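Per-chain numbering from 1; labels A, B and C assigned in written order.
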Amino acid sequence: MPEHTVASRLQLSGLCFLLQILTIILFAVFVRYSPESSVGLCSQQLNCSWRNQDLGFQHPRFRDVRLQVLLGFGLLMAFLGRYGPGSVTVSILIVAFAIQWAVLIQGFLYFFPNDKIYVGAQSMVSADFCTAAILISTGAVLGRVNPLQMLLLTLLGVTLFALNEYILLSLMGVSDNGGSLTVHTFGAYFGLMVSRILHQPRVDKRKKQPDTGHQPDVFAVVGTIYLWIFWPSFTSATTVQDDTEPWAVLNTYFSLVASTLATFVLSPVLYEESTPRMVQIQDATLAGVAVMGMAGEMLVTPFGALIAGFLAGLIPLLGFRFLTPILHSRLKMQDTCGVHNVHGLPGILGALLLELVFPLVAQGSRTVATQALCQFCALHVPLLLVAEEGCERRASGKEPSTSTLV
Amino acid sequence: MPEHTVASRLQLSGLCFLLQILTIILFAVFVRYSPESSVGLCSQQLNCSWRNQDLGFQHPRFRDVRLQVLLGFGLLMAFLGRYGPGSVTVSILIVAFAIQWAVLIQGFLYFFPNDKIYVGAQSMVSADFCTAAILISTGAVLGRVNPLQMLLLTLLGVTLFALNEYILLSLMGVSDNGGSLTVHTFGAYFGLMVSRILHQPRVDKRKKQPDTGHQPDVFAVVGTIYLWIFWPSFTSATTVQDDTEPWAVLNTYFSLVASTLATFVLSPVLYEESTPRMVQIQDATLAGVAVMGMAGEMLVTPFGALIAGFLAGLIPLLGFRFLTPILHSRLKMQDTCGVHNVHGLPGILGALLLELVFPLVAQGSRTVATQALCQFCALHVPLLLVAEEGCERRASGKEPSTSTLV
Amino acid sequence: MPEHTVASRLQLSGLCFLLQILTIILFAVFVRYSPESSVGLCSQQLNCSWRNQDLGFQHPRFRDVRLQVLLGFGLLMAFLGRYGPGSVTVSILIVAFAIQWAVLIQGFLYFFPNDKIYVGAQSMVSADFCTAAILISTGAVLGRVNPLQMLLLTLLGVTLFALNEYILLSLMGVSDNGGSLTVHTFGAYFGLMVSRILHQPRVDKRKKQPDTGHQPDVFAVVGTIYLWIFWPSFTSATTVQDDTEPWAVLNTYFSLVASTLATFVLSPVLYEESTPRMVQIQDATLAGVAVMGMAGEMLVTPFGALIAGFLAGLIPLLGFRFLTPILHSRLKMQDTCGVHNVHGLPGILGALLLELVFPLVAQGSRTVATQALCQFCALHVPLLLVAEEGCERRASGKEPSTSTLV
């Protein structure tokens, strides 16, 4: 990080103060706890499509709400741990802001004709999803933007995330409980686009930073452990259909296991070492959960989950070796933490798998196939949203337009 | 730590052995598992007011008992991780003893006319609360007392904690599910009082030890993550009224988030660095949960939780900068880990907030206001108890009496 | 680790690839998700004795299935963290394979006459148990076998574990929910036997490696914390009788606490330091949970759990001091991580305690005593299985037979 003068130090402090005061005022005016039933978030709302869950107080899923929030924060912390000790404080700043804004902006979208936003545990889980996506996109520009720019990007990212999620889940009816599209793919491509816009030819020295951690560091180990423990339960916590729950959990576990093994298969071929580094295992774990985000609930055979996980586990290694240099030299996109390889491509693979593999293995009815097709189309929404945003930014003169991603 | 001779080494070993044997004998004579229903701790007891929860076996909260114990230990471990690698072993010793004694002493208080103490999962949760308070007070004297003295202080602290909790919760009917008063305020002021009694003018070299951790250390990161994940669920796990549960969870999350931001606002103003250290963020997190201990269940608006958290997050920074030097020079109290700033003052703020802010934001009835007033009075009980204990100690000639805290 | 040539590197990669492809094919042919009710694993099966749990969809324990898998992975990760940063990657490889094979082999055993294996959440929990045992046995040979040999040992270990568990739980009806015999004792003695077979007189330099960690390392602290948090809930998650659940949890906590204290009592006597090292505390914690594996559900008094835990906490210290040198010099068994002291002996103590102490403290009926006797006999099954396996290996000429363990 560059030296911070007194002015820049107080700039960040002042901006935080102003934004927090503004948020408190907006909360005071608009946000209330759901009055009748503090759990059934929108039982009284007519136009409510909040994750399609009309939870009443007597609903058997009620007992899980607290567990969901618990898991949601476990997820956040797993991502947070991923960026290592040097950037944890900034990441915590982003988490703290993103959660508040996500509650606000998602509330405005879903409760639009009302004059109040009624929040409950579900809002917090949804805000966790949003913050996870922001943390992913942060990984693409880490070390190249200062905390002040990070805050502004967070504000922009939260808005786009909420819009993207609203279009996909509420308007198109896509099932994406594990967040393949809304969290992983959106987060990765938003981060890449920001990285492209912020491209400065001279600041290339931090590019190879994620490759330097040769000894298995504590944060990668703890992060991987958190992901193994919390993610599968998290995937299922947001599942709509009750009876598919255990499938989603088990599919995610099988995917995790196979993606880890794929690292052990490919890493000695591509690199010099006999066993993969801990960071590579963590990348494979993330890819394994990213690919199961959408398909987890639908895949009905364990070996399908094994194959999907195995393929997903190959992606980060191949991406870091072959794709990242091309992205950097041709498209001028520096992807500091490789989020494109770890989140972007596996998320897309998850959506593609549903389209290609699903009809072969499903014993399902026509509705399932239609759903899968619809899911595939849904893939293009985050890409379009991000691309459009990139164009707008470039059109506004901040960056000479050379090429686009999509 | 000073050099330990063979004698002092075996002293600690022998004392541990004697105390453990004594505890086992007391358990053998007095403690039994609750016979009829191992969950409904005191369903058959007439004079039972154990946290006001007459849980029967069919109660829907039954399924949470295991989760509560899980969370209770998560809480303990979060505090334990706070003291860094150097003092973890001693902290574990204290945890191991405090849990056993808390079960015994709380059992004696609540089951007094019976000849047996019937323990269940609730007793373990209650013992966890007590041990957390002991760990907090340990933070005030860390590095200045040897393990042997720690053990004796633990025995004293557990007894006072149980007495304090019994007066507040059972006799006065105060609602303090998150432990603002019973855990945070009691722990901090008991620790400060012990620190005052143990004051030795010449041993000042460790005073500034908590300020030396410049790089974000692993323990502070892991501790903060644990607190974010476990504490809000823990607050709600002990809530009496079923329908206020999600409020307590969400209030705690909003408070956490705002207190973290407050650190980013104030830290650059008071200190030279542009971003706060990880330890400061952890302090703010603790202050954010301490302030929500009592108010969490009662605050009925999200922005109230944001404001309370923001104010609480300012306290540790201001306290370390301005109050700790005064405490040390004027009142001769060395607060090694700054527990007064992190636990004591935010806990008091939580009790004050209930009194001052609550009537303004509540849509509540008169009962709520009376309850809040009663809570405010309850604030004085731990202070009095601790002060009295300090006087007794000083009266017994161990320390020249100069001034008192309260 | 020795230098790896290109050939040995690709050997591991190729073996992983072949085994993963083979596993996927076996999964494709044999493994399906349970069709009718994805939770009630074997509600439609006649010959089903899968942990004696015929869970239907309406069963109140249904809500815990996800928690069980969560806890199961917490357990795995606790063990994984035990082996320090240097060997985490290899341990993760073993975990990833062992889970898949455990699902397969346990499935073949329990669903034998069927042509398909129907897996559910219970299979995953059972596979977690198996993987934990494999990780324990890994601890005995860590640093002396290469990853390739580890993989083959894992395959062998999973098969023997499944056989052992099938004989104990299904044929003999032993109650071993915490895995005293199936996990701890089996894992330790299988590891010891492998260590004996692999004995090479010249490679003795890593023998004392576990004693070198003088400063309390992060992994030992995090591992201990995980065990304290997750293990007791895990013990109870697999309990058969609903009303004994809280006993199992509380017994495990009391045992944990007392075993930790035992370390503080004995460590200063045997070693030079005044407080035990973090690694010793972790060993005591593991011994404390190992001893409660079988007895946890049956002990009906808290002081019994305290005594059992206290005795178990003494074992690792005594074992490392007196037994490990004898094992190494006389029986040529190098136990790199001391699994015999930490898992083997406490597991046996747990089985013995049931036999010796149980009739004295139980208010129970005759059935309980018979059960305890049966449990005691069950102790010999893992020892015999492991011994026989050792003989077979030696008979096949890989090692000059000198002496056996049992």
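FYI, contacts are C-beta pairs under 8 Å (C-beta built on N, C-alpha and C of every residue); 3 or more make two chains touch, one makes a residue touch a chain.
Keep in mind the model is a prediction, meaning the values are calculated, not measured.
Enquirer: So what shape is it, when you link every pair of chains that touch: line, ring, star, complete or other?
Expert: Topology of the interface graph: complete, with all chain pairs in contact.
Enquirer: Call it same or different for subunit B and subunit C: same when shared residue numbers make up over half of all numbers used at their interface.
Expert: Interface between subunit B and subunit C is built from largely different residues.
Enquirer: Quick one: how far do you have to rotate subunit A to sit on subunit C, C-alpha fit, nearest 5 degrees?
Expert: To bring subunit A onto subunit C, one rotates by 120 degrees.
Enquirer: Rounded to the nearest whole Å, what is the centre-to-centre distance of subunit B and subunit C, using the mean of the C-alpha atoms as each centre?
Expert: About 36 Å separates the centre of subunit B from that of subunit C.
Enquirer: Could you tell me which residues belong to subunit A and also touch two or more other chains?
Expert: 63, 67, 218, 222
Enquirer: Inside the complex, what are the residues of subunit B that reach subunit A?
Expert: For subunit B paired with subunit A, touching residues are 60, 63-64, 67, 215-218, 221-222, 224-225, 228-230, 232-233, 236, 243-247, 249-250, 253-254, 256-258, 260-262, 264-269, 273-278, 281, 300-303, 306-307, 310.
Enquirer: Across the complex, what residues on subunit B touch subunit C?
Expert: Touching subunit C: residues 4, 8-10, 12-13, 16-17, 20, 23-25, 27-28, 31-33, 37-39, 57, 63, 65-67, 69-70, 73-74, 76-77, 80-81, 85-86, 88-90, 92-93, 95-97, 99-100, 103, 119-121, 124, 147, 218-219, 222 of subunit B.
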